[in-house]
Each structure stands twice: as C-alpha cells, then as structure tokens.
Amino acid sequence: MFIARVRGNVVSSQKVETMTGRKLLIVEPLRVDEKAGSMRGTTKCFVAVDSLGAGTDDLVLVSQGSSARMTSQTEKSPVDCVVIGIIDTVFADSAEVYRKGENAKPQVS
Amino acid sequence: MFIARVRGNVVSSQKVETMTGRKLLIVEPLRVDEKAGSMRGTTKCFVAVDSLGAGTDDLVLVSQGSSARMTSQTEKSPVDCVVIGIIDTVFADSAEVYRKGENAKPQVS
Amino acid sequence: MFIARVRGNVVSSQKVETMTGRKLLIVEPLRVDEKAGSMRGTTKCFVAVDSLGAGTDDLVLVSQGSSARMTSQTEKSPVDCVVIGIIDTVFADSAEVYRKGENAKPQVS
Amino acid sequence: MFIARVRGNVVSSQKVETMTGRKLLIVEPLRVDEKAGSMRGTTKCFVAVDSLGAGTDDLVLVSQGSSARMTSQTEKSPVDCVVIGIIDTVFADSAEVYRKGENAKPQVS
Amino acid sequence: MFIARVRGNVVSSQKVETMTGRKLLIVEPLRVDEKAGSMRGTTKCFVAVDSLGAGTDDLVLVSQGSSARMTSQTEKSPVDCVVIGIIDTVFADSAEVYRKGENAKPQVS
C-alpha cells in the first residue's frame, strides 16, 4: 500500500458496466521527507475507487493490483486501485508528521 | 487506474489467437499539473484494449494487471491493460482541469 | 501491454523444468517520440517468452504479469512477460510512425 | 521481494472492515551501495502489514502484489504489501553490509 | 522476466513460517549497453528465492509477481520474486554480450 493525498475526482458516464456508481478519486502518492519532518508529494497521479467517503486533502491508504478487488465494492470489477483507509496519523523518524484535521501542519512540504 | 490520453493505435496481424478482433490503442498516462491547472503528459506509452470506442485525444480511464481481464472483452485473454471508461471531466485542486469536447482547454500543458 | 523492439535472446540450460523449450527474447520498451514522429528506445530491458517467431528488430506487443500466463505456451509456468503479437503498423499523433519491413524508417530515433 | 528499513507507522480508524487490527508500518526500500559497502535509502515509501513485530530501524523483507495475501494474517484482505521476515544479515559484494543490532554500522549511507 | 546479477544474500531467522529453508539472493537487474556491447547494472536491488544454486556474479533470469509462485519451491508462499534460470549466454544487437565463465568479459560496464 502507499500513502496518498486526495486531489480531486474523475467523472466518466461512458464506461464498463460494472463500474457504474463507483466514486473515482484522483490521489497523489506521498513520501516522508526526512529533513522537513513532513509528507512530500511525488507529482504522480492515480485514480482510486473510494467507498469510505474520503474528501479533498485527506490522506488515504491505497492498495493496488489484484488486492484492490478484495473489497465488497470492487470484487469482480476491473479495478486495480482502491482506498482501504482514511489516515488519522503518520509517525515517521520518531516524529508525528501528519495528524488529520490539524491544518497548521502542511501535508506537502 | 490512471488517466491517459489516446494518441493512436497499433495493428498486429500475426498474434496470439485470443487477441483476434481486439482494438489496440496507444495511450499516454497524464498527471495533474498543479501550477498550470491542466493535465500534463508523462511521455510514457502503453497499449490498451478498448471496447468503448474511444477516439484520438480522448481522455480515458485505464486499468492494469489481472484487473484488466475483468471485462467481458478481455476475460481469459493475455491482456494486462484495458480502457474501462471515457472521461467527461477531471476536477483537481479545486478546479476543473479537463472537460471533454472543450477544445479551448488544452489537455497537455 | 507495451510496444517493444526485439534486441536479442537469452540461453539458459540450467532452469526451472517448466521453462524447457521456451524461446527467450530480449525486448526493449519503446515510446512514441512526438517531435520526431518515430519510436524511441527507453534503454529498459525485459526478457519475454515468444511463440510467434519474432526476429531481431521486429516490433512486438508484450503483456506482463499474470496475464502473461494466459497463452497455451505459458499457462502454469513461472512466466511474467510474453510476446502476444508482432506489430505491422503504429499510428500516433495523426501519422504512421512505424511500418514493418520499411527499413528506411528508423524504429528508434 | 525487497529489503526495506522501518521508518514509522500509520494509524487509520476509518477503514475497510477486513483491515481491522492490522499493524501498518512505513517502510523505505534500500539498495546496496557498492562503493560504501552499506545499504542506501531510496526515499520511496510503502505501507506494509506486519505480524512479526518489527521495530523502527529494523531491516525487513517485504513482499508485494497478490503474494502479499499468502500469509495467515493477510489472506482475503485488500493487502498488497507485507513484511515476511526481519533481516539478521545482508551479505553483498563479498562483504557483510548489515548485521542486526550493530549500531556502529550505519544502515543508510 | 529480467536479467540480473547475483550480488549476495540475505539471512532472516524471524520470518513467516512458509519461508523456512528458502535461499534468498540479492539480485541487481541489468540492461544491455548498446555502445559498450556489454551488460550494465541498474543499481536497483531485489531479493529472489533461488532453488537452482546460483552463485555470486552469476547472471540469472528472474520472474516476478504471481508468476513467481508457479514453481514447486514457491507455490502457496508469499514470494513475489524467483530465479527461474541461470543464464549461459546473452546475445544482443548482433553480438554476444555475455558468456558464463568467461571472466575476461566484464558483466557490468
């Protein structure tokens, strides 16, 4: 899995039938910046199915590949990327580098 | 999944039998360019099976790996990349960065 | 899938039993070079099983992962990369950037 | 698999049900630095499920993809990354480049 | 699959039960260097299960993902990387760029 920040969403009306009703989020994988003690963006861009109600700028846990089909929302569908958790806190290098809701702490340095 | 732009197609007459009749698109993954408020090309290049009728310069949603075999067109075939949706709109960083059919808005900055 | 150029082959006499008799090609993934209107090498290097008789400098369509086991030659074997087609033509950015047999058009810019 | 260093952990209370009770570690893949005779960080960042009790700065062996579901802790869950061993020693280029517990030898050059 | 050079090994005593008795090699993927007519290191670093008895500096053929579980040694275990052959010769760009046992020819330029 990887940590990602929700940046937006995608709308597609013409799609494979089994994708109907799926919420599609744009997520950017993050790294832990050792020097800044914060999370840093990678500029990469994935689209993940979300059933947890994640909002913009939330940090989420994303699973890929065949494992992305191991949820009730995604089984038997052509989904290779899914949000499996909304992140509360990230601890790294002996420090708290992210806490949900604390806007004073920037998520991306 | 990832967002990609359709750049062309591939023709192969000598191929594995189960690939007969499959439309093969050349797609380039895109990223969201935070500063320009638009999509940006990555210069990477994949070949995806398409059954939705996507055209050149359309933005499409692409699924990879074993999940690419979870459509009626691709099941049991050696396909690891498939178009699962044609994208109408992309919202990112609180702005609409793509709307299908609006040629004034460049897809690749 | 991706487009690749055949660069050579690998011989291995001491191998897992189910790999006996498999032809192993060295393939280099290519990208479409937008400016040159041709294919460009990536310097990456994969080894793919081939049952179609692809020759050196041919452009081939390569499938990866579990999908690489979905051919009669590769099922139930530890193969994660297979040639599923020999490419006749590549169209991209409104131009023909490759046609098999036309040596005047370089495959790699 | 790859060698990684444990850098921290992630807490998520709102998650897919099958993820309840799973310990989520932040791990950074390492490379062998040929010149320094030590391990070097890659700055990449994954989240792996751990059932072995790995601690901060431990070097661990990480498996990805569908293989990550082949443990009693992870089967049938949407997990694509798991710790399958805590590393005692790493030998590379005819030298011991890591031994667990020897703090004098830096893990990351 | 990819071509890799064996650089060393990893020892882990505290591990998932199904990994007991598996030999764990450190392998570095190689590329074909077009100009030098030899193999070139990538500095990347994987850990692969080996049942063929590959030694240091041997060139091996490595398979990844679910296909890595398609050997008698690795089935049903959390292994995503396995040695499936020891390489005798590599031909590329109309030349022999590697032959096992010929020490005069450097494997990494």
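Labels for the chains are A, B, C, D and E, by order of writing; each one numbers its residues from 1.
To be clear about the criterion, a contact is a pair of C-beta atoms (placed from the backbone, for glycine too) under 8 Å apart; a residue touches a chain by one contact, two chains touch by 3 or more.
Because the structure is a prediction, the values reported are computed rather than measured.
Colleague: Which chains sit in contact with both members of the pair subunit A and subunit E?
Modeller: D
Colleague: By the touch rule set out at the top, what is the minimum number of steps from subunit C to subunit D?
Modeller: Between subunit C and subunit D, the shortest chain-hopping route counts 2.
Colleague: In steps of 5 degrees, what rotation angle do you get fitting subunit A onto subunit D on the CA atoms?
Modeller: An angle of 70 degrees brings one copy onto the other.
Colleague: Where the CA atoms of subunit C average out and where those of subunit E average out, how many Å apart are those spots?
Modeller: Their C-alpha centroids are separated by 21 Å.
Colleague: How many Å are there between the centre of subunit B and the centre of subunit E, using C-alpha atoms for each centre?
Modeller: Here subunit B and subunit E have centroids separated by 33 Å.
Colleague: Where in subunit C do residues touch at least two different other chains?
Modeller: Answer for subunit C, listing residues that touch two or more other chains: 65-66, 68-69.
Colleague: Once the touching pairs are worked out, the chains link into a ring; list them from subunit A, going toward subunit D first.
Modeller: Cyclic order starting at subunit A, direction subunit D: A, D, E, C, B.
Colleague: Within their complex, state which residues of subunit C touch subunit E.
Modeller: 7-16, 18-19, 24, 26, 28, 43-48, 56, 65-66, 68-69, 76-81
Colleague: If we count contacts the way the header does, which residues on subunit C are in touch with subunit B in the complex?
Modeller: Within the complex, subunit C contacts subunit B at residues 1-3, 29-32, 34, 51-52, 61, 63-71, 82, 84-94, 97.
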